[in-house]
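Dropping the structure in here first, questions after.
The letters A, B, C, D, E, F, G and H name the chains in turn, as written, and every chain counts its residues from 1.
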Amino acid sequence: MGKTGTWRVFRPVIDKEKCIKCWFCWVYCPDAAIARKEYPEVDYDYCKGCGICANECPVNAIEMRREEK
Amino acid sequence: MLKEIIFYGRGGQGGVTAANLLASAALKSGNKGVQAFPFFGAERRGAPVKAFARISDEEIYLRSQIREPDVVVVLDTGIMDVVNVTEGLKEDGIVLLNTPRKPSEVEMPCRVATVDATTIALNNKILVGGIPVVNTPLVGALAKLLDGVNIEAVKEAIKERFGKNAEANANAAEQAYNEVVL
Amino acid sequence: MMVAIKDLPLDEKILKGHAACPGCPITIALRIALKALGEKTMLVIPASCSAVVQALYPKTAFNVPTLNIAFEASAAAASGVSSALKALEKEDVLPVVWAGDGGSYDIGLQALSGALERGTDFIYVCYNNQMYSNTGIQRSGATPYGAWTTTTWKGKEEHQKELAEIVMAHHIPYVATATIAYPTDLYEKMKKAKEMKGPRYIEILAPCPPGWRFDMSKTVEMSRLAVETGAWVLYEMVDGKMEFTGYSKRLLAGKKRKPIKDWLKMQGRFRHLTEEDIEEIKKEIDAKWDYYMKIYGGNEDGK
Amino acid sequence: MIVIDTGNHIAALAAKMAKPHVIAAYPITPQTTIVERLAQYVENGEMDAEFIRVESEHSAMAACIGAASVGARTFTATSSHGLLLMHEMLHWAGLARLPIVMVNVNRALGPGWNIWSDLNDSLSQRDTGWIQFYASSVQEAYDNIIQAYKIAENEEVMLPAMICYDGFILSHTSMPAEIPEQHEVDKFLPEYKPAWKMDVEKPATHGNIVPPEYYIQIRYDMHLAMERAKKIIQEVGEEFGRKFGREYGLIHEYRCDDADYVMVTMSSIAAEGRVAVDRLREKGEKVGLVNLRTFRPFPREMLKYDKMIVIDRDISPGLGGVVYNEIRGNGSEVYGFMAGLGGMDVSYKDIERMYELAKQGKEGLYPLEVK
Amino acid sequence: MIVIDTGNHIAALAAKMAKPHVIAAYPITPQTTIVERLAQYVENGEMDAEFIRVESEHSAMAACIGAASVGARTFTATSSHGLLLMHEMLHWAGLARLPIVMVNVNRALGPGWNIWSDLNDSLSQRDTGWIQFYASSVQEAYDNIIQAYKIAENEEVMLPAMICYDGFILSHTSMPAEIPEQHEVDKFLPEYKPAWKMDVEKPATHGNIVPPEYYIQIRYDMHLAMERAKKIIQEVGEEFGRKFGREYGLIHEYRCDDADYVMVTMSSIAAEGRVAVDRLREKGEKVGLVNLRTFRPFPREMLKYDKMIVIDRDISPGLGGVVYNEIRGNGSEVYGFMAGLGGMDVSYKDIERMYELAKQGKEGLYPLEVK
Amino acid sequence: MMVAIKDLPLDEKILKGHAACPGCPITIALRIALKALGEKTMLVIPASCSAVVQALYPKTAFNVPTLNIAFEASAAAASGVSSALKALEKEDVLPVVWAGDGGSYDIGLQALSGALERGTDFIYVCYNNQMYSNTGIQRSGATPYGAWTTTTWKGKEEHQKELAEIVMAHHIPYVATATIAYPTDLYEKMKKAKEMKGPRYIEILAPCPPGWRFDMSKTVEMSRLAVETGAWVLYEMVDGKMEFTGYSKRLLAGKKRKPIKDWLKMQGRFRHLTEEDIEEIKKEIDAKWDYYMKIYGGNEDGK
Amino acid sequence: MGKTGTWRVFRPVIDKEKCIKCWFCWVYCPDAAIARKEYPEVDYDYCKGCGICANECPVNAIEMRREEK
Amino acid sequence: MLKEIIFYGRGGQGGVTAANLLASAALKSGNKGVQAFPFFGAERRGAPVKAFARISDEEIYLRSQIREPDVVVVLDTGIMDVVNVTEGLKEDGIVLLNTPRKPSEVEMPCRVATVDATTIALNNKILVGGIPVVNTPLVGALAKLLDGVNIEAVKEAIKERFGKNAEANANAAEQAYNEVVL
């Protein structure tokens, strides 16, 4: 149970403006890396960057950005 | 002379294939003893993995893991947060990093070479399941760093192994061979 | 009456930092299932990706008691767990097998069948990624006709076993199918199963990016499309009474299925299929649905 | 109370009196009557246990593993091919350190089918981490089962235990046995309090992937536990002796004190061997007998006699007698005989003959190829 | 031709070139790539064999037994739990005297799951009547497979044969290997002409009930066949040497002639050991190495050195190192080390260290508990 | 078009002097089956009474090549035989598994299912005496509800597994049931199966005098009564098409079933049943037949 | 394969007068102990005396008689 | 004194039970060492079977089969065509036959006792699956022939073992005890 955030090549970035709080990103995240706070919050220590959240967000509020290392 | 190389990467990046390609190329370059092997955990895609290669002009009887490498190849600098890649590195050993940075921009207590394999992979459109495959460019870069291995042998080894993506990978290797900086 | 996503419990039994591939369907399914099953659950897990994703000893990402067991032995071990719980008067705890298709359709089938026949009080979940993914994508009894695997290079020549059908032939109280794209459907089926007694079987379609050869961001999409094209069917059978659920119910009620080609084309494992092969597969899906229509159809809402 | 019944029925009675929570078993000749009797006990309420009617021996052992993991005391019984089919799960139970108790009624392996006594079945499980007891009488079968639980469940041991005895020769032979009262057994063998178990109050994962550094320790500790078991077996055997009048250890010596030759064997041949020793002694031969009660742990350090004659009812192809090969090499002069395979009758006369042959420096497959 | 590839791929190539009629196999890490490669050979027509995609290893071995009974040459491969699950059928194949050839990629046993090298899996099958070869290089893996068929199918032997090598350390390591031409292999290994087989022209029953008098003979003959195999292994190894330039026997000695201490081990540690021997020799130590090629039949009579150091990559609970225990007791001074369990890396430095410890009279679990 | 008894071949493959109990159903069934299968047959037999009746090595009463194999392994061994025959170009020889219900419903199920899924070219015969007779009458998955065995002293509490149903869920070319009281029906089904390819399954009800506790002269009568009371059903399913045969066909066409009580009362193993138990069993048989009527009935001749 | 005729307690005796050659006795005999000759013929060396033939004979042409020993 | 008895019969006739009953009765009659065991083949109903019993005033350590019996009991004289029942019989040993004949009508090279156990069984209606069970009468007869075993102990042993058929079996034993002729 290392910090799997280091596996990431692309990182999901959530645009709260767009978010309609459908919580799809939360329910589908294989890594339980999105918290259901006021808005969805990504835990970058563990998010592996699969992109499911972005793919499933109905309003395209999540963008996958190349990690800078 | 025995040369020992460690590859650090992540499942899916092709570190094991890199070691194999290097061994093939070394054999083609005239070395009698060559060897390539992974340290597999039960790792999944994305998890840190390690692979080893040995090159020698004599038959190799060693079966143990490499503990004091001559060269360390880092496919993904992200793992340097978790793994000490210079551990055991020989005095005059080299670390080859996959990074857009120059060696001078990297602070490490050893000789450093760099090549931007990810960009080369993306440019050559070599991806598997969305992940850029950086192994072929890095093996190309190694041909520059290692005495006993030549780039033509690397390209040949790539062509034997890859079917329809052979060309793209060989190109990537050549490009990296040319772009690597020590 | 369907529960809404926002109503699903927040509590997570699958901790962050597990070892699954990015985009893995198993952990999505497990997260949802355990939300329904709760903490009085004991998992029994045979060799499979699910054994690996727990992470390395002495750590674990699973926060319910978990017994890893030999590949073919999960249902038998669960029988032991179930009887022991009974003998020790802890019948409020539920043993749940969480097994792959290989461990269920193939090497673990006998233990499963035996447990069903003797009426073991447990839930058996088969997450079906249609191949042995842990060992690197070999064919299983669940691999569909035509799919490439590393033991069927030109595509599997045989049709998949129909395990849910086989299980139904055991006449147990509850049999259901689900998939991760429909989390509330899955959640409710788990809940319903949890409230029952005797052997209960739930099978979850679990599209695996490295195994099926698709981009890791498409896991859920792949799962959804399987249902929309009719390749996967959502239903439950309670005491022998069959009912389609969710999107499949709408298909049964007459909604048009998306072309199966859409689903096949998204997957690298079907890349080699010719147009004729695809036509062949389409025909079978059509035949399957014709059969469903005949026996279960005829009612607008698909009941 | 003295009861006369077959080895299997007395074993079933012992199992009942040990009060396991869960029994999972599958029938196979010549074990069957144990299972039948236990099913009967459970069905007519004489026994308060869950009986799992599994569909194979592999599942029998898996079910015991599942049950023991939750903290239940478990029992099963098998024989021959049933035991072989459990092989993977035997290793599993050993390495998982679950104190499962099992009877194995020794029977030959096929093909061809042979249902008679032969110790290859249990001896070829000697690497699985199970304690192995061998009984030479119905009484010992009973006593071993009761003690096995106490030994297996001991914190310093925590290993599964197998009680072995010859098919038909003991399993189907009626002999008198002294059976203690239930309350006496209860006192000797209190309820099982496992050191660890699966528990929803304390979620833990058992058996996930273990990296080499941990694996080597876990496996070695199993080896040490087997070594520690020697002491515990001795202690429990003495306590049993104090309470029930029949004392046990790792071996049982008979007329060994002044013996020139000591015969070493186990299971029913060890009983028959007493008769041979008595007759040879009458003829003036200085001979003794060791009945090996435990083969795992193996009491090698106790087997230090100048001249030994080992009788194996087994043969490992390419090795020969298994017991012989574990004894060999301790500095003694050792002669080995393989006899009684596949149920061949071994009488005291045969044993006397083997003694004579050993004195001539011969050994081998008795009676076919001795040289 | 020199080919560079992993141990598994080279093993698959060897299996292909031996031209079995039937392959039945089930995937398990780290054997998987053998099965995958063979499936590919068969599917793309490079190999003219029936590939049975069984649903378990038990069935894999059962299918090989069925096929071999009809007179087919067969191949399978497995590892660890797969091998354990075959246990009953391994005994069966042995006693049925069917020359099935199998690769076992050595891997540790669970629980917990551990996929790395460890020889307990195959060593705990040592009573099943299978010939066991251990390879220390990819080349040896290839050569052993080809020779195994010729040995197993020899009329005087007629026993199944297992080719073992370390998981990952050999199975997944790419090394160069010299591969002969197909016609050369064909000449060395002609078509299989079974002495008996199921045949509708001559109906016979195999494996029905055998009474003790016959059983004892059948089982003993299996033991004798294993003994006879020693000669055949030697002969075939020499013939192989004449034809392909690499000669084989039961053991391989390295710098033993004037050695004070001889280290005995097998599988990949035996290769690494050469490096240790060379380094120790450089330091003036008189040390040699024996690479055990066969563990069954066990060449005990060949292992007569004054002082021996045995390195086991296994541990049988309650016994210790299996190889050590079979060697012990031949009159030599023997030191035993258990090392490398569950994939613990064993380097030439470790081996040098064990040598030093042995010289101090120490032995045990390396590096944790040596005394 | 039914063959007549007098037309059955005289040739016997089961020799006199075998070791079965007097009145054994197995040897009756085998005699008839081998008349249909002929000499180009290889038998594969797991541990069971059938292994014992062959008599002691080095003798044998079976005059076709016979491979005895481990209890759970017959279908897998037969896969090996089948593949070997193919590889050695002897495809005119047919491998036939002859297994008991224990070796088929329970311990051998997985091997059977695997062989069916991979399309093994063989006939699998399960002779069903509804218990483990070889080891002395223990319950099997095929033991019917309520039956006494030495592991179900008060009568089995669970219902029997429906193996033929389970096999049908594998969608193989041929599935049939038979019983010894109807030798020509059995003979013709064997013949038909023999002419087909792929996996074929035939299950034969085989009443066992010591196991079911009835007089050894009543074996055939018991078998017949099972059909007449509807406790056993004769049918065949060819490529998914179901057809009832013989007396069962007449029952489907409306002929009245004999009271199930008649059958139960003849057997010592049901002696302990109360009138209510019997009523219970009767209801189930009725329900089963109602179901048959609903799906397969409606045609006078039962087609 | 001993002569299983010694197992018998009762022996079947066929009354040819009554026999209608339906061959039920032949087809049902578990021991292949009845030959299909002109009339059915019992091989007493092997007949175990189960009585199935007598039970199944539609015209009661077979009688089971106590063996004299 | 050790007495060794062999029973010859057929599967289903109850030879093994006979040996067990005899051992029980012997224990009840005050013997410390008793033993009863079958030689099982994989025999089916009707096939020849053999069972053994030992009786002694001391604990018995023997586990081997009896080769030199003191008494041989033949449950079914039919098997005498196939088996030599007097093999190994001690010099003054006795053969007890289940037959309506008198000992004088039997030609055997040893002491012979007879009792018509089949008729006794049929009269007492003790049958299993159509086969008369002759074991209890024969054990009754043995009580007459063996010193250390009394008929009351035999009847007691029968009553403990048999449920609802105890009475019929005990009667049969007593009847045989009275009718046996040496």
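As a convention for this text, contacts are C-beta pairs under 8 Å (C-beta built on N, C-alpha and C of every residue); 3 or more make two chains touch, one makes a residue touch a chain.
This is a predicted model, so every value here is computed, not measured.
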Seminar exercise, completed: Intersection of contact sets, chain E vs chain H, gives D, F
Exercise. Busiest chain-chain interface by contact pairs, anyone?
Worked result: D-E
Exercise. Distance from the CA centroid of chain A to that of chain B, rounded to the nearest Å?
Worked result: 31
Problem set entry | Rounded Å distance between chain A and chain E, as computed from the means of their C-alpha atoms | 50
Exercise. How many angstrom lie between the CA centroids of chain C and chain D, rounded to a whole number?
Worked result: 43
Exercise. Using the touch rule from the top of the page, what residues of chain B touch 2 or more other chains?
Worked result: 41-42, 46-47, 130-131
Problem set entry | Touching two or more other chains - residues of chain G | 2-4, 7-8, 48, 51
Exercise. Where in chain C do residues touch two or more other chains at once?
Worked result: 19-20, 22, 24, 51-52, 55-57, 60, 68-70, 72, 106-107, 109-110, 113-114, 117-118, 134, 141, 215-217
Exercise. Inside the complex, what are the residues of chain F that reach chain H?
Worked result: 19-22, 24, 49, 52-53, 56, 134, 209-210, 213-217
For this session: Could you pull out which chain B residues touch chain A in their complex?
Result: 10, 46-48, 77-79, 81-82, 99, 130-132
Exercise. Which part of chain E faces chain C closely enough to touch in the complex?
Worked result: 26-29, 32, 35-36, 39-40, 43-44, 53, 55-56, 81, 85, 110-113
Seminar exercise, completed: Seen from chain E, its contact residues with chain B in the complex are 2, 4, 29-30, 113, 115, 136, 166, 168-170, 172-176, 268-269, 271-272, 274-275, 345-348, 350
Problem set entry | Contacting residues of chain D [partner chain C, same complex] | 21-22, 24, 48-50, 52-56, 58-60, 62-72, 74, 88-89, 92, 198-200, 202-211, 214
